[in-house]
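Look for subunit A in each of the two complexes below; its partner is subunit B in the first and subunit C in the second.
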Partner chain A sequence: MEQLLGEEISQCKKLKIKRSEKVEIPECERKTAPGVITERSCAFYGARWILAPIEDAVHIVHGMPSCAYYGRTVRKKNYTLFSTDLREKDVIMGGAKKLYETILQAVNHVEAAKAVFVYITCVPGVTGEDLSLVCKKAESEINMPVVLVNCPGFSGVSQAAGQDIAIGVLFKHFIGNSTANESHNSYAEKSVNLLGEFNVQGDLDQIEGLLARLGINVICAFSGKASIDSIARGNKAKLNIVHCRRTGYKLAQAMKDKFNIPFIKLAFIGLNETADSLRKLSEYFDISRERVEALISEEMDKAKKEAAQYLEILNGKKAAVFFGASRMGSVTKALKEMGMEVVMVGSQFGCSEDYKEAACQANEGAVIIDDASEKELEALLMATEPDILLGGMKEKYMAHKLGIPFMVFPQEFSAFAGFSGFVNMAREAAGLISAPVWKMVKNRYRSNSIDKGVREKVRIAVASKSGIEVDQHFGKAEQFMIFDVSGDERELIEIRKASAVEDSCEAVKNSLQCRLDLIQDCNVIVCVKAGKCVHDKMQSDNKRLIEAQGDVISVLKMLSETAD
Partner chain B sequence: MSTNGLPDEIPIPIKGITYQQIKVEKIPMSESYIQRDSSLIPTASRTVSLNPCRTCMPLGAMFATLGVHRGLPFVQGAQGCTTYVRYTFCRIYKEPAIIANASFHEDASVFGGQKNFVTGIRNLVVRYKPDLIGVVTTCSSEIIGDDMTSFIKMAKKKIAKEIGEEEMEKTKIVLINTPSFAGSHVVGYDRASKAFLSTLAKEKTEPNNKINIIPGMMSPADIKEIKHLLEVMGVDNIVLFDTSDVFNTPLRPPMELPYYPKGGTKVEEIEDMANSMATFALSPHEGGAGAKFMEKKFGMQAIIGPFPMGVKNTDAFLKTVSQITGKPVPDELLDERGLLIDYMADTLNYTMQKKVAIFGDPDIVVGATRFACELGMEPVAVLSGTPSKIFNMQIEEIAKEYEVSPKIFNGSDLFEFEEYLKTIKLDIIFGNSKGVDIARELEVPLVRIGLMVWDRVGYQKRPVVGYRGGEFLLTEIVNSILDYRFPDDRTQQL
Partner chain C sequence: MSVLYQDDFSIIPTHPCSALGAVYYILGIKGAMPILHGSQGCSTFVRYLMIRHFREPVRAAATSLYEDNVILGGRDNLIEGIKNLIRRYNPKLVGVINSSVSEVIGEDIESTLRQLSEHLNVHLVPITKKAIQTNYIEGYNTACCSVLDHTTKSISHKTDVVNIIPGILNPGDIEELKRILTCIKESFIFLSDISKTMDTPLCKSCLDFSIQDEVLENLKHAAVSKATIAFGYTNSGAAYLEEKYGVKNISISVPIGIYNTDVFIENAKATFEVENSDCLKRERGILLDAMADAVPYVMMKKAAVIGEPGTVEAIVRFICEIGMEPKVIMSDVFVKGFEEKIAGICEQYGYKPTVVANDVFKFKHLVKESEIDIAIGHSYAVPIMKKLKIPMVRAGFPVYDKFGYHRWPIVGYKGSLRLLDMVVNALHFRD
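Right, the complex of A and B next:
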């Protein structure tokens, strides 16, 4: 039981509310509690995310055909994917021989093949069969590198583990392995790698176009535009640009250590961010200021002009962001640039740097959350009431059921990077938010606030440890969420911890008193249960005490409805 | 002269386009096509699997569990096992799919999944208060050797301590063993049908005058259509895994959180299934095990197949229902039948003699093959992604009846299928979204049928079963032939 409680408490640490004084970062890179409907995926998924676009390689899934069935589609695009189609017999007898034959056969199907990736899935991961010998043998037979991508689904806490594994494979086996006989200097003085850029709907083309106008040449984009050759030549770059921190940072660090290539974290999402990035690059490569400023002002003016009509719609609207990882920071910036408020930022597996970046950008009072589960997302959406949610496909239909417009990432129609990408993103967001369908969605919640007008403000204290559900007895409550409620408008003011005042209350009987003091400004108290003396006290103070269970928002909603 | 017997360069009245250019009577195999090493084409002679037409067992079991009212699947495996399936359901149905996961990490893969399971079930019960949890195992948990039966007991005991026996009793737990390496999603659904009935169905008491329907992995519209047929017949029914109002739900916020769709088979209904008159497994491969179980355990009549698609199969279904319930087939349905037959006659000139290739899950392929024959089409190749013992026999029976001789691929992958299609003449393909690339390559239309349709919208909202479903499917077939093979000036002259 203690252990279960421990997990519940730890779940709470992943949610923070932004307050201006100091930026608090949710605890991240933790294991997901079982059974909470996580939005995370597995290591194999992460490995495919990175390696799938490498088209001159043979990709073989050593495992079930289903992993190949699903793994074929990455970022909504289909890639050729082979599998060993393990059966019961292979699981028992071992699948090494089958893998060997599969490698030899699969290579025949890809004419331009220059390397073979063998993905290890859960089954060989659990049986622990040693496959490196098989790969060696195949390597000498087909005369190209055959490398294991050791990414069984249970590795790490999320797909991030698989991404790291895949990046590790590229670094260990391919980068710097160019056999072409050319000297270091045969590469343009201004050549870079882009790390963590996946060329969704032409994002990379936008970035490359801008860089080309400054005379900067991209050798390899990991892995939106990467071939075995260009990866091998990656070490010839003069600078590494980390576009996605999650997938790019570790590689950049490793390449700095091994090849002495400096790196810089840049983003090309949003107008100012793109402009800043170009300025930093031109500074690094000593490109004349006039040249870069001319480029920026030309593109900036054009984009601003085109985006103006959309920004009018977006101005003052509330946005919520729930992403895979580190784009959340730059997208949050771009949304702010569009004049929107960002009321919630979250991701499935972001790191503390990502959260710091996002939290700095988000609006006052915004919710910052790591690894939100389905139910937590629902509750947070009800609480923050955004006009649009940005996230992945799985969350889309859940948001729609709540009547919230949804913008899918990776985006479906046009590039979002660079100056014109900003216009695209604004256009799409404006189109989604202003679509007639949302006005037809009967939202009892919103229509109420119009009918009833503004009512008196009530301050409510909710005993909740998880931040999601009313789950604490009054006398033992570790924290209270304090809400200001007027009509149908709710605002989470703060979270008050009992531990903060408990030190000064030594005697046990005083622990009640210190909790009463903690919430003395509240008119209504919601908890799972409370003792008789608390009931009496509340009555004498003319306050309302409500014993309830369930998620906080539903209880609050129920309260505001029954108050009439 | 070109292959279609028309001179190469006769311009037709619009913009001087030649018939050659608009693909009239095009032979699929283009000149640039390079013949592959023939020894590497048949699945049997290679170990590599390319473009498989089946996914793994857990998907079928998750599908089934979601078809129960307030039912949640709990997957004992790694997070990807759930996430990929959730993506798949979202893509197909454009609806949220709530599926829980044991979040296996390295420790679970070494020490077993007991801790993850007990904690996970506890969290799921406390947070979601479901009526039912379908515990779905995966390849990893099966290889590790998790003893799920005792895990479930442990979890129940632990949760009962926390929230009380009575509360715990409100959530039923059904175990579905689905080691992925032992079969496809089709088998997963089949196993689920048996697992649910053997766990939940109670002993016979009073006859309920209903019939049981196990539809298989049909679309929401298909299940609605089956219910429509039975409603017109005046036959009460219990549909096991009724996903019709689960994967197709209205947008009417706000509702209770957590979000549960209105639909799904109620647990009480499953418990009552032994009191019914008979059990129909409309898809023999998906639900046959459940029907056979009911036959064996309760001595109840089991009717397995045929998939009620097209005229003859729908006739057969209604006839059997009529025999068992003693209720005649009403005029309204005979009119529906008449409408379909009228439609078939009117469009015969487009459909007849067209060569069709059909692929997908075995039951719908068999159903569609018969329907194609009824339309006067000629099935030239059929593929069941899931290996089946009866598929060949079923197809051969149809082939004999209509004097056609399709090449049969049983349990093969789409690569082999595609390579075969490149060597023959073909007019049209029936299949799911996995066939888009093939249809494009061969330059023939793809009429979408089956579970895995995600690249177009609305296919889950219109039935393909029953007489009315036949009309919809026929519309699809004819229109896609018209779109592909006739320039607009020719369709104007109908």
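Right, the complex of A and C next:
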């Protein structure tokens, strides 16, 4: 793989290979190249990611109706999302009036409404109409805050920009704005906020449960369990726990500056991480060591016992991880804890700390990539050959077609956080990997030692100038990559340059003959195209000539499959 | 109550953008790829929705416009994007779809493509009718006409073949249409066939775009066909072929229910000049048998229908046929003539439903007021029906909360039978 992609790797800034102790971090937070099938989404969706769970607010999209059509579904859950349904005339004449009317109408339909979020998407983002006055006017009319979330899809480089915008809005307009006059002891000494926790399938309940056993109380989880009120009270916390660095860190920093609330980065995914996090917390809050250790050992033993049968299956299996930045590092750690090897980590919009964390955990030689497009992902999966891929829904079916079991994040069935979450995760991974269906898939690239017969070695010449793709006609090929292939194993023997022989060729020999000589020891020749005489010659020599395009690995794999 | 069917504004729209329709059409051509000229969000959303519905990899690229492009224009992105796409996937046809962003910043996609196509050996098709204020039906139509415009040539002779433009149907529906047509005469071509691309085996070659299949070939020959059968409101392609090449335009309703399927089969027979087709008679009889059996369960029940206008219209007629009362009807998007069509169908059976378009919000209120017994439509209506405790049958696009819906038909006698079964089961045989 390193040899094959060798050329590309040295040029490619977003992809790194882990070698020995030195951890190189891919260059991240870059723009998406046009024309790729990006796995990223827009800033508007990032803002929805953060704000959608706030149920006592009215959410209005100011933009094309289709933004609202798509934006209502977040983490596979549907939320009510109003829209100003902009039309062409509004784009030309301005949509402020429509926005005003929509706000007044929509507020009537959300009973417990305490605030209004107005998302500005692409089209009004381009026209740049000033809407703050309308919001002010509506605000005084309906007597609750109306705030603009300025998140047109083209801002930033990915949905991460929108997440930052949304968090900025919460910080600026809501946190610390509690007017409620509550008695002081409702905020026990040990109260915290969780930043970057979205309560997928009860993750938050797991965490809250553990914290409660230490007497720690969660005021607000941004934003898996957040209401306008609990957000407003967020400043009363004694400590902020950053669960997801991407969505939590900036807020934690801002809250530290403004309210003097310290923060720590903790994770509740994986056994050791969860235990460590609990220890750190108890240290911070001065909870007795016995108490926390008792809790940990009880839960840990239980989880280990339950997970044992699954870990047996997972031991030594190879995993690849590709999703939104948030859980990249901690999930990688948890996979290691399950005894798996991590051969690839990547995300759509990770930051360098995320990559650092993940890279430390990954295997030697693992691929670390930022913003892989669909095609790159496909090539990397074929090169790294994982037993399972963990990622978002969008990659699922592509992985399946390649014969790779897939685990969907955010998860669909049970909590993955805390001690019992670890068991759930191991259970799901084990079930997916050992499913009988994968043994019935004939074209599976990977063969395990049992069904791998002894195969003959085949020598293949590939006409490729770039070293990545089959890109040359036989007669004009500048170089051939020579592979020895046996079953699923490939070895790049050498690269033979046509120029080397051409010079020494006698004049009588034409350039075709030079090339035929060059590859005379090969049984199979792969090139973009070849003339009729080459075809005839190959046939008479009992060799296979294959005209193909695409990247070298894919073509070689296809060859070994069709040979089955 | 028809006042409700207006194209004013709606506060919870169900208005999929034109890009969705265009992508839907292009994905029905194996070896073709769509690229959206706009911010990356739109394409990712379209992909995400389709992946959840079809449970297949969906490939739609974007030119990923950013803030600086919004100011300085996105021409370079478009050029680089198309080149990148071709290098990576090697498609045979690229449909370049405009978005609301590229429209507002005034991108001239056509001229860029014209320059590009001189150097590239790929069909580059601009799909650029308005993006603002149009919807997926128009997107589908535009894509269809643009592709035909690009691929067809004027040839004087006519063949015996019939073109089919399926519209926003599912892979299962298309398979069923093919089966029916094969019973009559095997002489038809599909101008977009999502059953080949969005319902594929577990096999790596499904990811390969350099393979082209007959659909692209078909498209080249669409002009010499005898007639084009198109369904519902996704029929502009048929009109285009008639106007330009004199291919007869047969625009009919989606064949759901007895009447609509009869019409479809009669039209097919007439065009093929075939008389008998006994195998379909038996199916028709079985459907009638089941309809008779179903009467006590469904009669006088009030139904709400929501979805793509063509499909909704056909379902409404079928509902009348089985003796239920269509009460609240919603089309995802505003299309001309829809309300009159629905009123016309229902009048024959003595019903007067309320018709709305593009607003889940109004729909919800009407459903609440009308004491609906059952709803039929796409998954976006599910939360409403759950809240109101009304049983719901999934039909149309998108259906992302049932496993494998897209694989089976609701068209033809057999498909209608399936729909009937689902309705009866939802009403009476629940656990």
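The criterion applied here is as follows: the second predicted complex is superposed on the first by the 431 of 564 C-alpha atoms of A that agree within 3 Å, B and C clash if a C-alpha of one lies under 4 Å from a C-alpha of the other, contacts with A are read in each partner's own complex, and residues count from 1 in each chain.
Just so it is clear, a contact is a pair of C-beta atoms (placed from the backbone, for glycine too) under 8 Å apart; a residue touches a chain by one contact, two chains touch by 3 or more.
The shown structure was predicted, so the numbers you read here are calculated from the model rather than taken from an experiment.
In the superposed model, A:Asn108 lies in contact with subunit B only, and not with subunit C.
By the touch criterion defined above, A:Ser288 reaches neither subunit B nor subunit C. Once the two complexes are overlaid on the shared chain, A:Ile553 sits against subunit B while remaining clear of subunit C. With both structures placed on the common chain, the touch criterion links A:Ser132 to neither subunit B nor subunit C.
In the superposition on chain A, no contact is made by A:Gln253 with either subunit B or subunit C.
In the superposition on chain A, A:Gln520 makes contact with neither subunit B nor subunit C. Of the two partner chains placed by superposition, subunit B and subunit C are both touched by A:Asn78.
Touched by subunit B in one complex and by subunit C in the other are residues 31-45, 64-70, 78, 80-88, 91, 98, 102, 105-106, 109, 122-123, 125-127, 152-155, 157-159, 374-375, 378, 393-394, 396-398, 400-403, 441, 443, 445, 557 of subunit A.
Only residues 1, 3-4, 7, 31-45, 60, 63-70, 72, 78, 80-88, 90-91, 98, 101-102, 105-106, 108-109, 122-123, 125-127, 152-159, 374-375, 378-379, 382, 393-394, 396-398, 400-403, 441-445, 469, 551, 553-554, 557 of subunit A touch subunit B when the two sit together in their complex.
Considering their complex, residues 9-17, 19-20, 35, 38-49, 51-52, 55-57, 59-67, 69-70, 77-78, 80-85, 88-90, 99-101, 104-105, 130, 132-133, 200, 202-208, 210, 358, 361, 380, 383 of subunit C touch subunit A. Interface residues of subunit A, counted against subunit C in their complex, comprise 31-45, 64-71, 78, 80-88, 91, 98, 102, 105-106, 109, 122-123, 125-127, 152-155, 157-159, 373-375, 378, 393-394, 396-398, 400-403, 437, 441, 443, 445, 549-550, 557-558, 561. Put simply, subunit B touches subunit A in their complex at residues 37, 40, 46-52, 54-56, 59, 74, 77-84, 86-88, 90-91, 94-96, 98-106, 108-109, 116-117, 119-124, 127-128, 138-140, 143-144, 161-162, 179-182, 185, 249, 251-259, 413, 437.
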